[in-house]
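Each chain carries a letter (A, B and C) given by its place in the written order, and its residues are counted from 1.
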Amino acid sequence: MNYEIGQIPNRTQKPRQNGFTMAMDKGLSNREAEDFLSVAGPYVDIVKLGWATSYVTPNLDQKLEIYRAANIPVYFGGTLFEAFIVRNRFDDYRRILDKYKMQYAEVSDGSIDMPHDQKCEYIRQLAGQVTVLSEVGSKDADKIIPPYKWIALMKAEMEAGSWKVIGEAREGGNVGLFRSTGEVRSGLVEEILTQIPSERIIWEAPQKSQQVWFIKLLGSNVNLGNIAPNEVIPLETIRLGLRGDTFSDFLDAAAETK
Amino acid sequence: MNYEIGQIPNRTQKPRQNGFTMAMDKGLSNREAEDFLSVAGPYVDIVKLGWATSYVTPNLDQKLEIYRAANIPVYFGGTLFEAFIVRNRFDDYRRILDKYKMQYAEVSDGSIDMPHDQKCEYIRQLAGQVTVLSEVGSKDADKIIPPYKWIALMKAEMEAGSWKVIGEAREGGNVGLFRSTGEVRSGLVEEILTQIPSERIIWEAPQKSQQVWFIKLLGSNVNLGNIAPNEVIPLETIRLGLRGDTFSDFLDAAAETK
Amino acid sequence: MNYEIGQIPNRTQKPRQNGFTMAMDKGLSNREAEDFLSVAGPYVDIVKLGWATSYVTPNLDQKLEIYRAANIPVYFGGTLFEAFIVRNRFDDYRRILDKYKMQYAEVSDGSIDMPHDQKCEYIRQLAGQVTVLSEVGSKDADKIIPPYKWIALMKAEMEAGSWKVIGEAREGGNVGLFRSTGEVRSGLVEEILTQIPSERIIWEAPQKSQQVWFIKLLGSNVNLGNIAPNEVIPLETIRLGLRGDTFSDFLDAAAETK
């Protein structure tokens, strides 16, 4: 840090299992990716190339190289996986992961209907090739999954080999974990937490109010995802109690850690 | 494209008459314009320097050169035209188009009242100098133009020499074609389409939900405008059925084109 | 300007006491700061490093150097001041201002409760070291300060040595001067203006509709703050009557100044 303030909550260090920030790159240029890393590099743990944007960005090879040089893992958004599955081309997807030397992959069913056994089988197979993140929740705002089912899905996916499970929110933060207004389905989150350890979950939380809500509930070192590149620094200040929203939340706790 | 997925809808190629993406530059730096083109270049067909931003951006000459070198046509937003007209300086406007070697110009009346005969006369005169885009719709949310009049205005402007007519939405997507909430005036759009060929229209659609609506109605190769630079890649994935919003819309059609 | 339009309202020149634009940098990279200045440099008067972002951005020294080279003053957001005060480390804060050769500082109490005498004492002390901006208004949407009290606070802070007083809005424009919807508390603003000269106030106004409202009320040369870097050019066009929103507001006035 640039200077000493004192009474700052402890943050986990890289490689983080907890306190993890996943950022979403939806088409950055090489120079924009470099700029992003030059300020947010210490605070971002993994980058998702949103949905299937990797298919159309002309600079894919170079950008992967930029993230690799900065030691930031990258993965393709789950919608790309689904695009291959719906075309019955899972093997081609696996070859593409190899071609681009990907070390992480997402398995999701946000845009297609897939028997959950089959999803878990994909997780199992991919877990032999890469580190798997799997996502629970639909991209369709009308498909409400009850809490007990979120829990069952998450458990089964972790048993199948998922490193972490992601709670769906999309880029907008208006489905899955959230109502269409962006409000957190707090009952859902709290019920999930009775059964699944928080460090195994990445909560997609693109809106500031959503990030604040999770940090107030679970502390500085909650795993958050779908953070826009230019919001990684603001998020870090919220985690540290250095923005108005969490200004008073960590003072006592931080004092105790001194 | 970076890899093969299969069953991707056919996209028109440049120079496109249909399937056209017009992006809005509201003050990019030279380097930002280069970055934008380095990823979105293949997908952007024309760039508008929004309203009169060209008057105040210090880097105008250099930026025009950057777009020219990338073979991306540029035009000044219609509000600049109107600023000259309201000051009774049409000839000065024509000289400025020449000075900057502009090959396109927009004629609009979104901020001023102008007899439509006069607007068509400006179109006629400018069409001898440049390729003209003309815009229909007010920037004033309270001025509702009924559908039959949209059609009459568009027809007259095309007869006067407009290459394409633009449906107004502003940067925000909350006037003209849209209600103040951003919702599409779907009856208006559908009525326009009974009389005007879709390829002659550029629909300003800055919000994702608006882009999705038009793509679902008119297919991958609808002309869309006022796209923010960092939304050109996301838009392209929506056109290709590779984002959740249109994931299932093109699978059958694409299969048939194989 | 790039070309002549005519009948453009007079804008004050740097160093401006009025017609002032304060931009918010919440974590720009060095190159992004350079890009920002390359287009907005002539129009931005001062840059705030939002809240305590300066604590976590790795490029602080270099970025300060970039702004310094461009002759743009910079200050740390008031939340950083408050973070030191709540930890009882005011002297450390003063040393940090010296360490980074800051020539401006903000004194605020948006996130903490502080007796107003004490706030004024901080202003008094800091005014011996730097130029002080002080901010009135809470970051808590539920803390409504009545107009007469805004006036009393502003007067006392100016007497204590504040160069200008800032009306709070946050990055979102949804507290302090504004309702949670972003609507201006117009009665509050108008009452303040009966007692405090407009040129002593910087109105935080991040949303376009808020900027338009103040420019319509107070003219092109109103002091506005919390402007996002990529909104400085758009704001300048609104000040000049060259965007739809203020297109008709300055035509007569400008004609008279010719």
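Note that a contact is a pair of C-beta atoms (placed from the backbone, for glycine too) under 8 Å apart; a residue touches a chain by one contact, two chains touch by 3 or more.
Chains and their UniProt names: A, B, C = Phosphosulfolactate synthase.
Note that the structure is predicted; figures quoted are calculated from it, not measured.
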Copy pair chain A, chain C: interface residue numbering same or different (half cut): different
Relative orientation of copies chain A and chain B, as a Cα rotation angle in degrees, nearest 5: 120
Chain A and chain C have mean C-alpha positions lying a whole-number Å distance apart equal to 34
Going through chain B residue by residue, note those that touch at least 2 other chains and give them in order. 31
Quick one: which bits of chain C touch chain A in the complex? Just the residue numbers, please. 26-32, 50-60, 79-80, 82-84, 86-87, 89, 92, 96, 99, 110-112, 139-140, 170, 172
Taking the touch rule as given, give the residues of chain A at its contact with chain C in the complex, in rising order. 1-7, 31, 34-36, 38-43, 208, 230, 232-234, 236-237, 240, 242-245, 247-248, 251
